[in-house]
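Alright, structures below, take your time with them.
The following pair of complexes shares a single chain, chain A, combined with chain B in the former and chain C in the latter.
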Partner chain A sequence: MLARVAAIGVVLAVLIAVPPLLGIGWQNAMTNMLIASLFAMAFNLLIGQAGLLSFGHAAFFGVGAFATLHLMLAIEDRSVSFSTPLLPLAGAAAGFVIGAFAGYFATIRSGVYFALVTLAVAELLHSLAPHWDGLFGGEAGLSSMRMPWGGLSFGSTLEVYYLALGWTALSILLLWAYTRTPFGRLTLALRDNEQRVRFMGYNAHATKVIVFAISAMFSGIAGALLAISNETANYSLFSLHVSAQVVLHTFVGGSTVFLGPVIGASVFTLFAFFVSDVTRSWLLYQGLVFVLIMLYAPLGIGGLVQAHMQHWSRLRWPDLAPAYALAGAVGACLTGAVVFLVEALQIVFSPEYAAARRRLDGAWPPIELFGLEWQVFSPVTWIVPSLLAAAGLLLLPHARRKLRESWDGVLERAEAERTAEPEPQLAGAVEP
Partner chain B sequence: MHRRPRIPRAKAQPMEFLIISALNGVIYGLLLFMVSSGLTLIFGMMGVLNFAHASFYMLGAYIAYTIATTVDFWLGLLVAPILVGLLGIFIERYLLRRVHSHGHAHELLLTFGLAFIFEELIKLFYGDFPVNYAMPDYLRFAGFTIYGTDYPFYRLFIGFVAVAMFITLYLLLSRTRAGLVVRAAERLPAIAESLGHNVPFVFMGVFGTGAAFAGLAGAVAGAFFPTNPNMALELGVIVFVVVVVGGLGSLEGSLVASLLIGLFSSFAVGLDWSLAGLLSWVGLGDWARSVGGVFTLTLSSISGTVPFLLMLIVLLVRPAGLMGERN
Partner chain C sequence: MNREPVLELVGVGKAFGSLKVMEGVDLTITAGERHALIGPNGAGKSTLFNVISGMFPPTAGEIRLRGTRISGLAPHEINRRGLSRSFQITNIFHRLSVFENLRIGVMARHGVRYGLMRPISRMSAINDEANAILERVRLARQHDRPAGDLTYSEQRALEIGMTLATGADVILLDEPTAGMSREETDQAVELIRVVTEGKTLLVVEHDMSVVFSLCDRVSVLVYGRILATGTPGEIRSNRQVQEAYLGEEVA
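Showing the complex of A and B:
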């Protein structure tokens, strides 16, 4: 417990101390990382804790953003006076109200039907917003300016970053506190066995509506932070792509671990910042990572981390280290092959390349990749990824066996420890 | 790029508007049915809501486009559904079955990820813009002329393919032994399996067939409607509306719902009705117009919204849909 608090303290200290040393691009990326993290945490309150899979969380994210922009516009023309750092409250309120309304209907259904209702709500807003000028500003959307407040100008990216950091940290703390309340335990019970919750006399539907509204409220705060950061928003915030991103972040990070969504959101947004200048196929890699995690590590990155922490004392590194090294090598080979192939194909099939070929009367100019020039029809170009892929695929079964063997050992030791413990005596049990 | 014929306004020529819109609506509805039939069959059998189903439609269009521009248009129509069907079989056999034990939510998420990948792959190979997939010139003629407007033959052809597909599917399911096994496997999989039928194989076959139908729809319709990387997403959400309104798992329901949504979308774009107009019947029109906002939105501008409203109402009032039996 103490170690965890210390770790979180270190992370917070880094998040506070480092950004002033970075450039504006980085500060912006980190603001986006915080917003995505908060959004994923809010989303995970539903799927991770209450077991409800929403495919339309963009609705509440967008509602929060638009509500905040309306308030910012009102402040701008001086009809309302409101402190800038508290702007996300508007997003929270709007998210909560719309979330309670949508949640009331959505939670009547469960499973696939629940997912479809949430999808329909988001699509409803997405198709309505471009035609509704008064509320959503039509296709162009709404724009406003951050007003200075209390000696702070809110003109720089850094100030916005700290605002986002404060709100994200506070929200995640509140979400954590929520899990410790009796109501938080009831939420978990709903996920595990709704029927039993009903038999115990709780109103399952009302509980779900409240959970849904709270999740929507924190999504609204995330949307508000985005509105403050970008000073603009349009109907594309409601699109399925936004709902899809939060699903990807949450499940890659791991929905069963409290801070898992933060891992997924941070990894993906920071990676996007790194590689978006280098490659146009970033979203493809993101999809591949997601599908691979769904297939081979259904609990996500967070689940893997948690498994290691849980069995820390039983891990025998002399066994595990070679297995991990081999798995890492296999992963590197296959990743290299896939990235090489995707990037090469991406260049060959791009309109720029077609234009270059027209200039050269149909000849195939070499492609530039990883700082080298490759001839399109030279066997060398295609032998490199083929060799990498072959090496990876040949070693893959071996790596999987080694991993399974060493982890089976860990689980066996855990099982042995569990059975070695004496049966716990029931308090007040009557001796025969 | 859009080859949709000009949509006549309601006021100009009521009869022309009525007939052309009805025809367009029925044919668009039949196209929706080609895609939604596979989705609803798969859901009925396996309980999997396949997010990647509309991607099969897109892949069909792009494969057919590739073959049409390099070899022949008709060969594309033949090969695209076969390749897409094989892809569907692969996905069911090697990916979906692997995550089956983790539950339906996991299967849903997997197909969701696959849809994501297919969209990005298409962007990788063909670029993030529409491609020029067009029917051969000898198919570009008027089927008939009505009120001085030429009605394109190719639209009728799309409708014809859909009807042929529906009849084939219906005969397969109701008249053949294989269809009997499929229906048994859908209703009571455990008993069908204990009677010696290979239920996983049936599932795989149905998944492949559904994918192939979606691929065929893409190959046929892509030559008339725009073929671009967004087509899967755009059609996908409408297809969800269709299967929900028709009743998840019900083939007849999805046919009725397809036609309903098709007719609605086709009529709504030509009508400038609004809530204010409706309220003026009871003398509140001026008040509503002064309030503005939701009251003055015309039906034509929110025609994209109404299907989702319909879907919400069906989900909340009658989740089994128009013709579904189960909840």
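Showing the complex of A and C:
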């Protein structure tokens, strides 16, 4: 527990101390990381704790953003006076109200039907928003300016970053406190067995509506932070892409681990920040990462971290390190092969390359990749990815076996420790 | 013993579309009584439990709990009025700890259903009570284990504990000893006898030795109708029952 608090303290200290030393691009990326993290945490309250998979959470994210922009516009007109740092309250209120309303209908059913209703809610807003000038600003959306407040101008990216950090940290703290309350425990019971919850005297539907509204409220705060950061929002916030992104973030990070969604959101936001500058195929890579994690580490990155923390004393690094090194090498080979192929094909099939060929009367100019020139029809070009793929595939079964063997050892030791625990003599002798 | 009726069924029937699975069921259970419901497979025992506990409403007749009508109410409303049921197929919170499974029920009894302002760890009355039930169903050693990891008979004991935890005094147990060995059954019967002390019990049971040792009265359900109700002795000697159901088991 102490170690955990210390680790969180260190992360917070880094998040506070480091950004002033970074450029504006980085500060922006980190603000987006915080917003995505909060959104994923809010989303995970539904899937991770209540067991409800929403495919339309963009609705509440967007509603939070638009509500905040309306408040900002009113402040700009001086028709309302409101403190700028408290703007996300507008997003929270709008998210809660719309969440309670949509949640009332969505949670009448569970499972697939629930997911479809949430999807429909987001799509409804997505098609409605461009045609509703008064509320959503039509296709162009709404724009406003952050007003200075107190001694703060809120003109710099850094000030916005700190505002986002404060709200994200506070929201995550509240979400954690939620898990410790009776209602938080009931939420978990609901995930495990809704029928039994009903037969134990709880109104399952009312419970689900409340969880849904709270999740939408925190999503609304995340949307509000985006509105404050961008000073603009349009109907694309309601798009399926936004709803899908939060699902990806949550599952890559691990929905069964409390801070898992933060990991997933941070990794993918930073991935987008770095990779989208380098290649147009970054969404493809993001999708590949998602598929691989779902297939081979279904509990996500957070699940892997948690497994290591849980068995820390039983890990034998002399066994594990070679296995991890081998797995890393296999991963590097296969990644290299895939990236080489994707990038090479992307260039060969691009309009720019076609134009270059026309200029050269149909000849095949060399392609530039990783700072080198490669001839399209030279065997050398294609031998590189082939060798990488062959090496990776040959070593893959070996790496998997070594990983399995070293982890089997860890789990065996854990099981041995559990069964070796002295059993109390009398039933009831164990006190909590 | 107080002979005041606690649970009354008057002309209760249930039809799914045109299929009548139950008709004209009259049954009166008095306070403190242990009442068994027996009958061949498909006689409608589980349907009757589902109708009483609110899983679906009856299509005819009326069900009263201490004089107030409960037929047509939702399961949680019936539970809050003091009637709690267990399930034939174990129906627990698999990923929660054994303690937590029981605490959910105790929370309901204390009415902290939407508590969001205080951590549960500080609600000592609830925690103490959950621990007390944990000991009564003899699962204290399994306090922190995920309920899904328990053995089958331990899960059945937990199932009974959860049924009791909401504080209801009318308890419906649906085949509590199904699938148990002789020894496990004896233990389960002893457990049921102890934990339902002072409560009213209606139990569906296939094992006749359990029925005749545990219960004060027995009702026989055949083809969705009550064939006979009486003491174990009366039921044993009832010719109709023997022909319809008990057969050689009693002879």
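Criterion: the second predicted complex is superposed on the first by the 422 of 432 C-alpha atoms of A that agree within 3 Å, B and C clash if a C-alpha of one lies under 4 Å from a C-alpha of the other, contacts with A are read in each partner's own complex, and residues count from 1 in each chain.
Convention: contacts are C-beta pairs under 8 Å (C-beta built on N, C-alpha and C of every residue); 3 or more make two chains touch, one makes a residue touch a chain.
Keep in mind the model is a prediction, meaning the values are calculated, not measured.
Novice: With both structures placed on chain A, which of the two partners, chain B or chain C, ends up touching more residues of chain A?
Specialist: B
Novice: Which holds for A:363: it touches chain B only (first), chain C only (second), both, or neither?
Specialist: A:363 sits against neither chain B nor chain C.
Novice: For A:247, using the defined touch cut-off, is the partner it touches chain B, chain C, both, or neither? Pick first, second, both or neither.
Specialist: In the superposition, A:247 contacts chain B only.
Novice: Does chain B (first) or chain C (second) touch A:298, or do both, or does neither?
Specialist: first
Novice: Report for A:420: first if it touches chain B alone, second if chain C alone, otherwise both or neither.
Specialist: Neither partner.
Novice: Look at A:3 in the shared chain and tell me whether it touches chain B only, chain C only, both, or neither; answer first, second, both or neither.
Specialist: Neither chain B nor chain C is touched by A:3.
Novice: Thinking of the overlay built on chain A, is A:288 touched by chain B (first), by chain C (second), by both, or by neither?
Specialist: first
Novice: For the complex, which residues does chain A have touching chain B?
Specialist: So the residues of chain A in touch with chain B come to 53, 105, 108-109, 111-113, 115-117, 119-121, 123-124, 127-128, 131-132, 134-135, 240, 244, 247-248, 251, 281, 283-284, 286-288, 290-291, 294-295, 298, 342, 345-346, 349-351.
Novice: Residue numbers of chain A touching chain C in their complex, please.
Specialist: For chain A paired with chain C, touching residues are 177-178, 180-186, 188-189, 191-193, 195-204, 207, 210, 423-424, 427-430, 432.
Novice: Report the residues of chain C in contact with chain A in the complex, numbered from low to high.
Specialist: Residue list for chain C touching chain A: 53, 74-76, 79-80, 84-85, 87, 91-96, 99-101, 103-105, 107-109, 112-121, 123, 126-127, 131, 134-135, 138-141, 143, 162, 165-166.
Novice: Can you list the chain B residues touching chain A in their complex?
Specialist: 43, 47, 49, 95, 98-99, 102, 104-106, 108-110, 112-114, 116-117, 120-121, 123-127, 233, 237, 240-241, 244, 248, 292-294, 297, 301-302, 304-305, 308-309, 311-312, 315-316, 319
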